[in-house]
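Two complexes are shown next, each including subunit A; its partner changes from subunit B in the first to subunit C in the second.
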Partner chain A sequence: MTELAQALVNGLQMGFLYALVAVGLTIIWGLMEMINFAHGEFLMLGMFGAWWLSASFGLDPLVAIVPIALVMFAFGVLVYRHLMRRVQGGDPFTQIFATIGLLFLLQNAVVAGFTSDYRFVNDTLLQRLGGARLQALGLTFAVPLLVAAGLSLLLFLALYLLIERTEFGLALQATSEDRDAARLVGIRPQRMFAVAWGLGAALVAIAGAILVNFFSVYPQVGLQFTVLAYAIVALGGFGSILGTLLAALLVGVIQSVTVVYLPPAFKDAFVFASYLLIGLLRPQGLFGRF
Partner chain B sequence: MPRLSRRLVLVAIVIVAAFGVSRMAPAQSKVSEVLIGSVLPLTGNFASLGQQYLWSAQTAEDIVNNDYPDLQIPLGPGKGFPGLGGAPIKFIVRDDQSRGEQARTIVEQLISVNKVHWINGEGTSGITSLIQPVVESAGIPLSCHPCASPTLTEKGLKWFFRTGPNDKTMVASVFTFLKEWPEKGGPKDLKTIALFTCDNLFCQDNRKVATDLAPKAGFKIVLDLTTKTGATTLASEVQRLQAANPDVLFNVQYPAETVVFENDAKRAGFMPKVMATSNGAYSDETWLQAQKKTNGAAGWLGRDPTAIDLAHERPAWKKVNEIYKKYSRGQNMGELAMREITGLLWMADVINRARSVEPAALQKAANETNMAPEQLIIDYKGIRFENGQNVLATGVVTQVGWDGEKHTLWPWDLATKANFKPIFPSPSWQERESKPKPAG
Partner chain C sequence: MARIALIIGALAAILYPIPLQLQGTTYYQTVGFLVLLTAMLGVGWNVIGGWAGQFDFGPQVFFAVGAYTSALLYVKLGVDAWLGLPVAAAVAALICAVLTYPLTRLRGHYFAISTVAIWMIAQPIGATWDYIGAAQGLFIPVKPRGGVVTSALSLQFAGRTKALGYYYAALALFAVTLALMAWVERSKLGFYFRAIRDDQEAAEGIGIDSRLYKVIARSITAAVFGAAGVLYAFWALSVFPEQVLELNWSTLPIMATVVGGIGRLWGPLLGAIILIPISQIMSTTLGTGPLAGRGIDLIVYGLIIVVIAAFRPTGLLSLPWSHWFRRGRAATA
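Up next, the complex of A and B:
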């Protein structure tokens, strides 16, 4: 029983990290309904940025969140203005191929610039807490992951308030629902899309700056998270911020609990099986609306 | 004889003579350059391996094409191939993005369009097994020196060659060491082992060999876990390992997954008495260098194809390492690069001895190889082939010390030379944190 409870705790802790990665995609794909296969590469850029600032200037990745988020916001806006706006009105396949092209461009540019070496940050605030554990009810809670979970919750709360409680958020939702109607009430859809891309890129880059404390950094690091992020957004319901958070926690728990009883090969199989199951029973996802 | 007939006879004599001469002494078509098709994973999942192979190819090309009079290894002194009138070597490098189907297409192009004389690659056993049939049917030599999967040389192929040791040899080194260690003053209470391997051909071959050898070395396998390559968390796997409580953990994972494992093990406070590994992260220079900042690898032991701590004493190793560093942005040759460069210089020697780029001549020269250990930059007992496998390739066991460097533990004669006191038991995470770090 303790084994299962510990697996639940481990899964929830990982789930918060997954939620961080998926939240940017919730804005771009879930809310604005644009496809971005380079989402993982935005994460990778955030990780590389945090590693570079740490290696060059000794900046802790948690502090580096601010400059990285600003730079990646600008990058997201640029990607929308110079690439995605041009393919937005076309066939969805054009969006798919444009972002796949962007994926390879970013990945290979980083290979050319930094080589394919694995990079590691050392002696960061979270890593110094590396061995610190809280014990309660016979369960172990890793302090660095608890801090990351707290940051993740804060980010989700901020995003929820931004989307649901501000004029900007309502304008974003209006643009997503009906671009022409939004234009009639004075909203400039192109600007909304650009800001959404900026926000999505900044959020996933923040996730990268946090993840760099737990994972090695290399040009292909984004892929393993992208696949999960897509499943999480679809599972949680397109455009639902709360749904994304809960779906990420669910994915973390499924992965974790599965391995306690079954060979690890079933880990992701069960995640996608649950996605298929929920897709059959509730195609709009757990918290999505049609 | 009428004038016309005389002329006809003369022309006929000239033609016959010319034809006869040409038959008697077939023209050696002059080789302007020797083309090596090099298919490598320069991007994608195995890019960190691919770039080491690329730097190795650049090093080999440099050594063959330039004159290094003091470098006593094949093709060191002199420019180009003396056996081919000084023709230079040229590597045509292609990136397969760590994808098997891409590698197959590239190999087909290298053979049919670029007309390469030899294919070297792909650097990973899984993808190499996919390109083997393409090259075999084309009938030109293929080599992959760092590929360690035994199956590659067990298919009866005529055109595949590997100078490096396979996993049977190298994993056997680890288990021979563990078996003999108690007699040499090592711990006598190591009885159980857990296998913790990734899911690709390389890891699974290691697992199979370990499954066979562990009981023979007196170990009971208490857990056998195969993990997914690209795992984002291994917390539950660590939980199971902790519950199984093995004396020895046989861990075969790539650097990214090894970092995930280290973090999860640290959080759970898990550390077996012995951390044994086989290639993967243990062969990755960037991982090893990063561990110097955390003492993360101190006490890890694993198999290597050479006693890397003793290699530095070889003059040829030092010189080749200097050349390698020109291309590797200052990174030293790791054992993986040493295996690859050794293989590429053997290939150059074969081409030189063949005095031809004809496939049959290359194949014959390759099969006739009998290189002495003095000609190598690595600790093999030499190079001699049986069914495409160098039967003189060896494995050694090394351990990372508190200085962050690898030290030889086995074979015992090399261990005596290395004069290193093994770290046992594997230090806890707290001890790693409290000790001074080699890289500050």
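Up next, the complex of A and C:
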């Protein structure tokens, strides 16, 4: 019984990290309805950025979040301006191809620059907390994961307020619903899409900077997170920020509970089995509005 | 005109490995084998992706089903590869039909992710199922055979003629696949597929059962992947989950199809001829230098795909070749 409860706790903590990875995709895919298969590569760039800043300047990943987010925002805008804007109007397949090409390009550019070796960021602020454990109700909470979960929650709250409560967020939503009508009321759709790509890239890169505290860094690290992020966004319901958070927690719990009963190889299989089940019974996702 | 081009192309494909065999550079025969294998997979993917317009990210599952089926038949029952091949293709198509029918309730992106989901579920099953050898997989023993005819009949080539034998086997399978798909393209099925792609509601309005025909389209794709899996298994002499369930078995054929021209019968072949040799040439020219093994070939792939997607998403075959060709002739005349 405690084993199951502990699995639940661990799963929820992982879920917060997954939520952070998925939320950038919620904006680009869920809200703006554009496909980005290079999402995991944006994450990988964030992780590599954090590793590089730590290895060459001794910057802690938590501090590195600021420059990484700024650089990746600019990168996201550039990707939209120079590639995605071209393929936006046409067949949706074209967006898939363009971003698969981007995936190969980014991943292997990093392989060319840094090789495929696994790298670790050592002695970070979060890892120094590593020994600390909170004991409550007979369960163990790892402090670094708790701090990361708290950060994730904070970012979610900020994003939720930005999208749902500010004029800018309303403009984003208006653009995603009807581009021509948005233009009529003075919104510039191209700018909105560019900002959405910037935001999406910055958010997932921030997730990367937090993940380096727990995961090793290598050029192919992205794909496993990309597939999970797509399942999470679809599970949570398109464009629903709160839904993404809850779906990510659910995915974390499914993984950790699966591992209690089955070989670890099955942990993603059960996530995707649940995706299929929920997708077939409730195609709009758990918390979708339509 | 087209017929002459076809005859010249077929002759070139048949004669290509012969000087290599005399020279002893069988490496380039293997490159040809990989080009044909990728092209065959691309022609198969075109059915669900190009004609029926459903993005399928998980056909490698049926590549694995084909490879495992034929390997099991051979190892456990002693059934030869050519006999196992139609069985493997049928098993792949059947499993695909059963799995895909519920998925066809989903559309667009959701369908694409559900094909990934099936792949994600297949991986741990392949890695833990003891009957099919779990993570170690199955080894296909080479049985000592007599002359060229018997090894061709059992799809087991070894020694100096190994690369040559598998090249011609791939060429034969590719030709059969292409001929069958050319027939599908012109048949009622082909028109139904494209009607569903262009406007699903309108297609249903004239009485096409879109779910049924999507299942048929994906099962045809699965049969081609299953047959190709048999060829690959006997070439590699082993089948294990990490190898046959690799993502490359869908990304490479899809990229070849897109570069050549999605929805065009000959598109995947053109794409495969352009893409596959790149990585082989890279690995020979970079050798053991500082850039060897640094994914330079995949950077080039990425660039090609990005440029095609941005400037000519319908692929190279969709460029106005006949117009340029005619104008070129008029200018010289």
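Operating definition for what follows: the second predicted complex is superposed on the first by the 289 of 290 C-alpha atoms of A that agree within 3 Å, B and C clash if a C-alpha of one lies under 4 Å from a C-alpha of the other, contacts with A are read in each partner's own complex, and residues count from 1 in each chain.
Everything below uses one rule, namely that contacts are C-beta pairs under 8 Å (C-beta built on N, C-alpha and C of every residue); 3 or more make two chains touch, one makes a residue touch a chain.
What you see is a predicted model, and the numbers here were worked out from it, not measured in a lab.
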item	value
Partner chain in contact with A:161 - subunit B first, subunit C second, else both or neither	neither
Which superposed partner A:276 touches (first subunit B, second subunit C, both, neither)	second
Which superposed partner A:234 touches (first subunit B, second subunit C, both, neither)	second
First, second, both or neither for A:86, with subunit B first and subunit C second	second
Touching partner for A:214 - first (subunit B), second (subunit C), both, neither	first
Subunit B versus subunit C as contact partner of A:35, first or second or both or neither	second
Partner chain(s) touched by A:122 [first = subunit B, second = subunit C, both, neither]	first
Contacts of A:109 with subunit B and subunit C, given as first, second, both or neither	second
Subunit B versus subunit C as contact partner of A:98, first or second or both or neither	second
Doubly contacted subunit A residues - partners subunit C and subunit B	107-108, 111, 115-116, 219, 223, 263, 265, 268
Footprint of subunit A on subunit C - complex, ascending	49, 53, 55, 102-103, 105-106, 108-110, 112-114, 116-118, 120-121, 123-125, 127-128, 247, 251, 254-255, 258, 262, 291, 294-296, 298-299, 301-311, 313
List of subunit B residues in touch with subunit A within their complex	42-45, 47-48, 50-51, 199, 225-228, 230-233, 235-237, 239-240, 243, 255-256, 259-260, 263, 266-269, 284, 286-287, 290, 293-294, 329, 429-430, 433
Touching residues on subunit A, where the partner in the complex is subunit B	3, 6-7, 10-11, 13-14, 17-18, 107-108, 111, 115-120, 122-123, 130-131, 133, 140, 142, 144-145, 214-216, 218-221, 223-225, 228, 252, 255-260, 263-265, 267-268
Subunit A residues within the subunit C interface of the complex	29, 35, 83, 86-87, 90-94, 96-98, 100-109, 111-112, 115-116, 219, 223, 227, 230-231, 234, 263, 265-266, 268-269, 271-273, 275-276, 279-280, 283
